[in-house]
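When the chains are written out, they are named A, B, C and D in that same order, and each has its own residue count from 1.
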Amino acid sequence: MQSQQTVSLDESKEILDAAESKAQELGVPMNLAVTNNEGNLIGFRRMDGAKLVAASIARDKGYTAAAVKKPTEDLKEGSEPGGDVYGLQSTDDNRVVTFGGGIPLEVDGEVVGAVGASGGDVSEDIAIAGAGVEAFEASR
Amino acid sequence: MQSQQTVSLDESKEILDAAESKAQELGVPMNLAVTNNEGNLIGFRRMDGAKLVAASIARDKGYTAAAVKKPTEDLKEGSEPGGDVYGLQSTDDNRVVTFGGGIPLEVDGEVVGAVGASGGDVSEDIAIAGAGVEAFEASR
Amino acid sequence: MQSQQTVSLDESKEILDAAESKAQELGVPMNLAVTNNEGNLIGFRRMDGAKLVAASIARDKGYTAAAVKKPTEDLKEGSEPGGDVYGLQSTDDNRVVTFGGGIPLEVDGEVVGAVGASGGDVSEDIAIAGAGVEAFEASR
Amino acid sequence: MQSQQTVSLDESKEILDAAESKAQELGVPMNLAVTNNEGNLIGFRRMDGAKLVAASIARDKGYTAAAVKKPTEDLKEGSEPGGDVYGLQSTDDNRVVTFGGGIPLEVDGEVVGAVGASGGDVSEDIAIAGAGVEAFEASR
């Protein structure tokens, strides 16, 4: 057997609360997702006024960060033309997001889930997802 | 112009809190979704231990109830062999769920969103989605 | 955090060996799948001469049994016309298989994965998936 | 009539054993696939801890290498902007992988299947798929 840890619903609420607060502070309505260790959705919030397109992107950023075990921004360079894995963005049923805003949740070096944020520009998405990750780490 | 009312993120949280409480009371881990007037996801929670298959079904029950403007259980009879809309379940990119657990949220006779619940048997799903709808109505 | 157990690659090999032996004994070339606790594929074998259509069905039986936490044959009655969840077979991106041949792997009452078998008639598929489950239980 | 040769299940096991050993030697948990001459999956293994995203990519690398009858890395240059087949990565239902890690299995100059490996960086994926191909050739 493999024993795995994965984020709980209660933890996802704390993470989403923190990400939502950060989004309010920045004044950017966001789509926010928390996924478990296998990339499946545990919690989701679409803030009032948040862009519709970003709903599935937030979810897929959460999926991607859990499924590749690193932040989605780390996929950017390699998936650009000339990069090692150019074309990655159209693999895995197009669920792979190759720009920032998806960040894994880690415990003792293992990925237990991920946060995905989408709705602002990429730096805002990263900051907001990051606020969720920080809240998770602070609560442990 | 058309003016439309749709459920807010804050209202979705109250709805999900009430549905989650009902699920805990019944002892059935659920997937819970709130969609807006256009059937798009506003809030989602997968309770610890809830069946994976029911995650997309909860979302699609919420989609369906908003998109057809009635409870999903009202589609059951018509979508059976011999029914008026037999085959409905495989239309609209298979997002139409034709058994109970999706219920519209209404204000002044207009559909402003919906609740979807999946994870138990159909009567439990209906009761739990109904608890969400009641909380929404009580808060107004 | 939620702590979860899931089947390992080594365990999947023992399960597939047992299912393959049973298929040889019955003289039916099979597609055989083992999925983890979240329904994702861990191991797969298509025996020489096994039907192509049954490759995705075996995988989806494994997905379904893990995702609904029961044998796929238990979905048959309810998903028939007149059943409680008629229409279930076209939910969840059509991955739900509602006839026999997918069986969960359980440890201490928790689903840690599943076996899916497809290629024979349903009773053969069930017997062959069952041989895999038995080998898993015997090895613990 | 056409007579075709294709890899057997037993051969796929030897190939996967060799690829798995190589992955253990390199310390990189991999997703490993063997496809037949028509690109369909014959054998699959997801090693403990291997990235989820790489499961479908390994399968699709195996599909691609069989379907284009060359290593997937040979598609890289042509599918880049300015290349002869730019856009290839989003054809054929997005199953075409245009970076390394898929290698055909050949007998007497005919493609009889392919190996796909995904989970490490591209050079690791190529080395591990290559170990599978070598084992196949050595066994003949």
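Observations on the model:
Here is the rule we go by: a residue touches a chain if its C-beta (ideal position, glycine included) is under 8 Å from a C-beta of that chain, and two chains touch if they have at least 3 such contacts.
All figures in this text were calculated on a predicted structure; none of them were measured in a lab.
Between the contact lists of chain C and chain D, the overlap consists of A.
Averaged Cα coordinates give chain A a centre that lies 31 Å from the centre of chain C. Work out the mean CA point of chain B and of chain C, and you get 29 Å between them. Per-chain CA centroids place chain B at a distance of 43 Å from chain D. Each of residues 2, 8, 38, 40 in chain A touches at least two other chains. Viewed as a network of touching protein chains, the structure does not reduce to a path, ring, star or complete graph.
Shown are all chain pairs that touch, namely A-B, A-C, A-D, B-C, C-D.
In the complex of the two chains, the chain D residues touching chain A come out as 48-49, 51-53, 56-57, 60, 76, 79-81, 89-90, 94, 97-99, 121-122. Residues 2, 38-39, 64, 66-69, 81-82, 84-88, 90-96 of chain C touch chain B in their complex.
Contact residues of chain D toward chain C in the complex are 8-9, 12, 36, 40-48, 52, 55. Residues of chain C touching chain A in their complex: 1-8, 11, 36, 38, 40, 107, 112.
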